[in-house]
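Just passing along the structure, written as structure tokens.
Per-chain residue numbering starts at 1, and chain names A, B, C and D are given in the order in which the chains are listed.
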Amino acid sequence: MAELAKLGHIAFETPDLEESLWFFRDLMGMKVVERDDDTAYLCALRDYEHHTMSLTEGEKGAVDHIGFRAKNPESVEEYADRFEELGRDVWWTEDGHEAGIGDSIMFESESGHRFEIYYEMEKPDIDGEQRSNIPMRRYSPEYANRVYPQRIDHTHVQDGNPEATSRLFEEEFGMGLNEVFKSEDGTTWGWWHATTPLPHDIAVHRLEEDETEFHHIAYHLDHLQDLWDAADILSENNVEIDGGPGKHAITNANYLYVNDPASGIRLELFAGPGYLNFEPDWETVVWQEDIGSESDHQWFGTQYSLGGIPYTDR
Amino acid sequence: MAELAKLGHIAFETPDLEESLWFFRDLMGMKVVERDDDTAYLCALRDYEHHTMSLTEGEKGAVDHIGFRAKNPESVEEYADRFEELGRDVWWTEDGHEAGIGDSIMFESESGHRFEIYYEMEKPDIDGEQRSNIPMRRYSPEYANRVYPQRIDHTHVQDGNPEATSRLFEEEFGMGLNEVFKSEDGTTWGWWHATTPLPHDIAVHRLEEDETEFHHIAYHLDHLQDLWDAADILSENNVEIDGGPGKHAITNANYLYVNDPASGIRLELFAGPGYLNFEPDWETVVWQEDIGSESDHQWFGTQYSLGGIPYTDR
Amino acid sequence: MAELAKLGHIAFETPDLEESLWFFRDLMGMKVVERDDDTAYLCALRDYEHHTMSLTEGEKGAVDHIGFRAKNPESVEEYADRFEELGRDVWWTEDGHEAGIGDSIMFESESGHRFEIYYEMEKPDIDGEQRSNIPMRRYSPEYANRVYPQRIDHTHVQDGNPEATSRLFEEEFGMGLNEVFKSEDGTTWGWWHATTPLPHDIAVHRLEEDETEFHHIAYHLDHLQDLWDAADILSENNVEIDGGPGKHAITNANYLYVNDPASGIRLELFAGPGYLNFEPDWETVVWQEDIGSESDHQWFGTQYSLGGIPYTDR
Amino acid sequence: MAELAKLGHIAFETPDLEESLWFFRDLMGMKVVERDDDTAYLCALRDYEHHTMSLTEGEKGAVDHIGFRAKNPESVEEYADRFEELGRDVWWTEDGHEAGIGDSIMFESESGHRFEIYYEMEKPDIDGEQRSNIPMRRYSPEYANRVYPQRIDHTHVQDGNPEATSRLFEEEFGMGLNEVFKSEDGTTWGWWHATTPLPHDIAVHRLEEDETEFHHIAYHLDHLQDLWDAADILSENNVEIDGGPGKHAITNANYLYVNDPASGIRLELFAGPGYLNFEPDWETVVWQEDIGSESDHQWFGTQYSLGGIPYTDR
């Protein structure tokens, strides 16, 4: 039976690649592993795959696709078959469409979210000097800046038909549903899904109108101190913080939101333990709007803004 | 020449002593060192004096006086003489007016701030089990809760004639002036004074109207983690955070503000290093409103509220 | 196909239950969820199952069994069938043999390690006051002491035929092999196996002689600060630290080892991120004795002692 | 009356300036503020003076002098007079003997420790890009590496007649005596003196033989996390840690010791709060060898090595 291993990478477009690299590489401390004419491939310091983010120069800030890694090569084919049976229009990507990645399938959901599923991805060598002596680490902390993003953590999308998107994650992708958030009138506004023991690999939120947006990509930092250092460095550079630092009630993790000034891509820095769900009989946690000291799902700290970026035109 | 050693203690009134003890002792983790009929004397875990806060049951939330410790017994008398020469109405307190404290003088400033200066204070033994094996520590971390306040840090007052109050601190008390804050039109709004190498022992802010208020008392925590734990525990108890967690630009320290629900006494939890000023030729840092990513003097995190509590009637 | 979800719990014997409870409950901050005449059931603050440790008064410090939770009820039966096919002597436990747990199987490996596999376990309510408002948390941090163990993390056994034990974990239990450690002459001394994305759920080390021992049980703390607080509290109580604080090269996590004075059960406090392995094509990391600044697999900090405790007689 | 403000700087010699700069600047993260032919002047990120360390290429690893800053210019002259009255051979340094520093006196103690007392020192501008927006900070955290030394903290010397050296600090320099350490037979082995509220600005230890050595210079890090990052980076570079990470009983601060490979200068990284002594009536804490979980004055973690470096020949 087809299974996803993890959230793999997200492909973005930005109207100003150099400014986006200033933000993601110079300020936030991500590493550029490969660079084409118009695309840069980036990873965090302990990401084990070739890249977990790509930035392509384009017309506007937008997301091209969200890539999940399958647990084995057969799963990619099984997903292709399953989606086609369900009437989805699935296409196989061509060789070289994306650096480091092998055969993969893509499709668009009803709401217009674009997903890639792949198994093969390179694990390129890191330049000798920056390579940590500890094999599992990849980059030495000596070559990290103080923000110190460690690995891709999760992503968050939103659309006007979130029930269908949540069903896609649960029934077609085979993910669990760790938490949901309901407003006072009983309407569900958010769903947190995971294929790993993380609090979520992907979440979906309801938009009021008939729209589809990408809300944020999150990278994990090891320590609360790293999150605080990030807020400090953003302030030194007069880059406005979009939300936080604070702690979520949902996921129970520490956060800070900030937008790439060039593209509007929202980056969440996610730190601290949250929780790991190893339980096979987890009962979905149902949040009501009136829990916690805030009227929404922030445990403490300020709320992030709601808007997102569109998908690229194809 | 008379010199102050440090901010010593602040005497408060609360309309509900039991609820205030729930807040300061049970939730915030301060220790009750002595208890009279209507007064509780509290300290933080590494405060070296008998108490750094007293809470007396009274009609409303109010502050009675702010006590500074002098560097030696002679300084108390020298301050008395100096203040009287300047025409201040100084009175010597009577024995037993306050547990643990010896001879002291009190006076009210032009704006109505009430100060005590003393030298003698008991250093009572701590109950054997709670006593740390490390002498300088006083309470064992084993008997601390997770908020872990360590020592009194500073206090903050405000009035409509702050220039006079700042002059009192600088010229009569003999403090330094580490930082000032100016609005765009050049008006000074805040003065941070210190007699120790801390960023401030006492600050004064301008009130728009002809009022005099006490703004907050601050206790120092050892680690950013302790500040975060405090925010967490407040949220668990549905006690609203008044500001933060965040980092000040002025003082460069991490903070969280919360009000005692019974009395309205505002408590600042102050953490992390800020800076220590050992320089004898420190040039006062002048802040302009437009520095930093915020329009005011918060480096990041939310602003606290402006109102304070009055002084007790005498 | 049968799959394990996680390391579930370990059942210990101690010659002095009260002293062991002083250590695990009062000093280390674990919670007692149920208490029979001669057995106490304990969990960490965010453990989702009824208990992750039991302590039974007996003749000596010893381990009775190591329990793994299966991913579903069918897996328990499938494991029973598989083990019997391989000639193992498997027995089904009787109802009530262990509080909170349903049907389960037990068996002893060739080396004498005793394992339990179960699926059903209670998730009892926590006493209202201590219950966190955040559902995934279970205990409020307000009712935690400063050591703050959060969840069971892993265990470590050792015997004279570790190749067989490692094969049991990999081939019969279906675990991955994240890391191995080799001495200079090429002999493998340690194997780190996982069924979850943790660096390991169970490890096995070679003993020089024909012996079988239980080395330690590890609980995870959220923050490095918590590990440091633990070392502090142990020092306040004159309980000797067995190793650390330090950082492992293998697993890349922060650690401290300390033994329960009554039973000799070695507790590892494990903190900080280490790494999470979500990669389906992980290549086992092979450590050579000469990597790192230490001659063994400690990255920095002191080594723990080698001896363990036996299994109970049955 | 003459008073010292603070420990100011220490002038060292090293047999290999480039290797020492690799250690102090590249690995440990200190900043080079000025560079002559054979001398580099360094500071930590929040040091307010021109430099707090100088490294001059010479024959061997050695210390030239330990500089204290006086509270005012008159104090320098008063100290000169006082020392001469006591029969000390005091000399005024010549202009330009040391970058950034004005008139100063030097003398050697009976044991051969060489001290400088000065008041005037430059506060040079930091290169625009690296300058923090927060004036009190000096260097932006963006231009810090992960070790993040913040300010000079204290120094430690040792000789065969420590009673005389301690008397010099207390009676001639006018420092307080915060802590002493006694062995079981009642002999005092260490004295911790301070002119600031820090646990110590300078300490002296007894040497068994008739020798005089410089033991270490300490820089303060803001957070325990920074100390841990330092240990990590040292391990990545195969630089052996000389002691720690751990926590002292005396001073109650977190520490790590490491030696510059070129010169043997021992650097202590000192983190976390320890304590601040604002009390004018502090009673010297007397440690007996049998306090704590260790037989000496480490609270937990490993002991540093005992040897030091000599003074330069003059």
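Quick note on the criterion: contacts are C-beta pairs under 8 Å (C-beta built on N, C-alpha and C of every residue); 3 or more make two chains touch, one makes a residue touch a chain.
Since we're looking at a predicted model, the values are computed, not measured.
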item	value
Chain pair, A-C or B-C, that carries the greater number of C-beta contacts	A-C
Chain centre separation (chain A, chain C; CA means) in Å	32
Chain B and chain C, separation of their C-alpha mean positions in angstrom	47
Junction residues of chain A, two or more chains touched	133-134, 223-225, 232, 235, 238, 249, 292, 299
Chain contact topology (line, ring, star, complete or other)	complete
Of chain C, residues touching chain A in the complex	5-6, 46, 48-49, 69-72, 119, 133-137, 150-151, 179, 196-199, 222-224, 249, 252, 272-273, 275-280, 282, 285, 291-292, 299
Residues of chain A defined as touching chain D within the complex	27, 132-134, 140-142, 144-146, 148, 223, 225, 229, 232-233, 235-238
Residue numbers on chain A that touch chain B, as the complex places them	224-225, 228, 231-232, 234-235, 238-241, 245-247, 249, 254, 292-293, 299-302
